[in-house]
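Here the structure comes first, spelled out in structure tokens, and everything after it is commentary.
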């Protein structure tokens, strides 16, 4: 299906975005592609200056750019304040989200008779749903998923293949969990008795809010007591570990391989880049931004950007790195000073003995 | 079910812990909770000084504290030498460990006729048990688990959903493996031939001792030759990678996202905090403690605490970090010295030319 | 089955390797083992000087060593230029690779009628193959694997248990994916709208070349637009994360827990050691070598060895580390200079006032 450029511009207005078309507004667009790959019936976009050069060579039928962006004169463009948000809207309109199988409840799924499943659910073959589970409307549950006893899952949730929910976990509405992620396994809770470790029963749960998306192969520990929380609107990438009893606030964004120890409190709208580690029992303030590979060893105040191991304010971390690179020069400066001072001392000694 | 505080105190004596109740020993307790969440019929505990303030506001019916801990006078307390060990004992008594389904051998499990399974096993639907496997008594094997040919599993083992054991792996007694972990995949063994990599058959195995607990989504390579070993009593958190042929000693504790390269020898009772990495062919001595995010590039002597990248004794690492923070000051000091020395030189030159 | 040493030497010539036997060439060898474990009917090898001492105590029937290696006189040895490549060839000959079940297409697999499966495939029970999938000859697909709609898989591929391929992914020939890995999940693509994150449809795919081997529990994002690529001959260990739209060149080797952000271009024959992280939108040149735990924040030229966080040429990184260790001495040197300069100043002042 193809859409005129003018129709796509119309779509943006529904998202409260204004835009201006420069070129043929009747051009027909059938899909979205990168500047490198796009052809004459495709629309592309520029939101990262790093790819600006590709404007000169792109074969795209149209390109979404910022209001200020300079472009080669032959290009048909769509100017708007936030090209990245605009392409999102255009992609949703043209491509939409993944279509899921509409199978109803497959008779080959193993569903405990005490489980309650809302209307319009697709529960595929090879799914296990244990006793006393409650699942809301429109669920899509792929093969190999295990939903443990007494879990409660809201409406419009998607569990991709081989997701595992341990007992008693709670998911809100519109939660998506990607393949292979595990929610509610026991945390690393042991009491040391001599050199041995005695297991502490992990009687808490995991509670996930609304509109949360969890990537693939993540592991979210249940709390020892109480709850591990992933609050509404938060998005995780892959291979993320969340320790027992930690609470992650609303609208956070965690990149792949982040690891949070136990009993950490993370505020709202915190971003953590790839491989960040946070030690136990810390508090990370709202809107904090943690750079990739940072090792957080202390509380982070709200709104602070930090980097490094241990993590410190990012400006200090950058200065540290540049000073590190100055160490060879500092070594030379010290050596030079030592020679000069020794020479001065010798000179003064000779003066004091000369007369 | 509720227990009098005096009955819980009695439980501790069975664990060789003595304690003293201050307050109403007839108070009835039905569960364990955090200081923040506990209500009047719940017992809580304080073992991390960080949470001391919560004593003032907790609504807990009783609190387990250390012998020396100051507490508000209105609290009912149970004093003991090690509150963390005590709460473990109380939790085991009140809550117990997770109850598993007692299904027997589900006819929908796919079990090779040559496999031997001990009495009282629960092998759930959707499990695969390959040829010549031997499994001990009381096994609990959840849906989606794959047990490869010739694996040998001891008594009282629990394999959570979607665990995969490759061929020939050996598990001791009372081994627990959490969901999605993979034991015995091929390690990264290739011989370089020009730019290409020729796969080396990985003919070794993984051997796991007794009382080992492995978290979720871990990956433990089989040995190229011989054995990868996880010795008895060792506990892993989630997303841990163990390279081919490494041997992890008894009673170790590894936090999430630890990665051990191949052919590493780790001693007994070694602790590794989150995200530690250890390079190949190293030896880590008994009782070593490796701080979070450390990168171990050299052998570590027994009993040593290390931190940093590369990992060095933790006191040196701390000093390095504090000196790093002094670099701006050092830069200023050097600049000041250069100015002073230049002034001295100029002065001396003028003196020597003046007369 | 046993092989004479002379027969094994003959095998090496088929791989264009020459060798020389010192000792009894009629000795019968039945398997390969480490120097530590090998007995009189086993052959071992020495390729890492670290294990040289084991030559004195090994009970191996024969040992493969380099041309120059000194060995105790009693050992039967096989001298060759590259002992590691030689033992690979011997292992392939004696042990071969893992044998897979030859089951044909199990009726308990759930295969969409529109899927096309090549001859001689083993599709085990518990496998899901969705609509419009095409799979080549000789496939081995283990239980719990999910192959999403429209995936195309070449000949001779092995998918171990619980691997998940999302829709539209393309695998070449002779691709092996180990248990629990996920290919083609949605990347972390959201447009920020206020504090909220609006999901961007991830309409790209993952394309994997020929002869690729992916370890267990890896996660490879599909592209937002276009393709995420793992080119032919590349080998991954476990728990590796590849971000959306990244392109990994041919014959790369990535060790466990490597994480690559989105839109990264990695050249040919790049090696990344354990836990390396690479930030988004970077270019890593052919034959680059990235040391363990490095954090790559800038483009890396071809053929460069880098280390550290941020990653810099490895010689500079090593010098930085050794200078770090000199910081306490530098502090002392500065202090000493300050004292000397103050003394000189005082002396000069007294001289200038004395006369």
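For this structure, a couple of remarks:
For clarity, chains are labelled A, B and C in written order, and residue numbers in each chain start from 1.
Assume a contact is a pair of C-beta atoms (placed from the backbone, for glycine too) under 8 Å apart; a residue touches a chain by one contact, two chains touch by 3 or more.
Computed from a predicted model, the values in this text were never measured in an experiment.
Shared numbers divided by all numbers used gives the overlap of an interface; between chain A and chain C this overlap falls below half, so the copies present different residues.
In the CA-based superposition of chain B onto chain C, the rotation angle is 120 degrees, rounded to steps of 5. In this assembly, the C-alpha centroid of chain A lies 25 Å from the C-alpha centroid of chain C. In chain C, the residues that reach two or more other chains under the touch definition are 126, 144, 162, 180, 217, 239, 257, 275, 309, 324, 330, 334, 337, 341, 344, 348. For chain A in complex with chain C, the touching residues are 31-34, 36-37, 48, 50, 82, 84-85, 87-88, 91-92, 95-98, 101, 108, 124-126, 142-144, 160-162, 178-180, 213, 215-217, 233, 235-239, 250-251, 253, 255-257, 268-269, 273-275, 292-293, 309, 321, 324-325, 327-328, 330-331, 334, 337-338, 341, 344-345, 348, 351-352. Those residues of chain A that touch chain B in the shared complex are 110, 126, 128, 130, 144, 146, 162, 164, 166-167, 180, 182, 185-188, 190-193, 195-203, 217-219, 221, 225-226, 239, 241, 243, 245, 257, 259, 261, 275, 277, 279, 281, 295, 297, 309-310, 319-320, 323-324, 326, 330, 333-334, 337, 340-341, 344, 347-348, 351.
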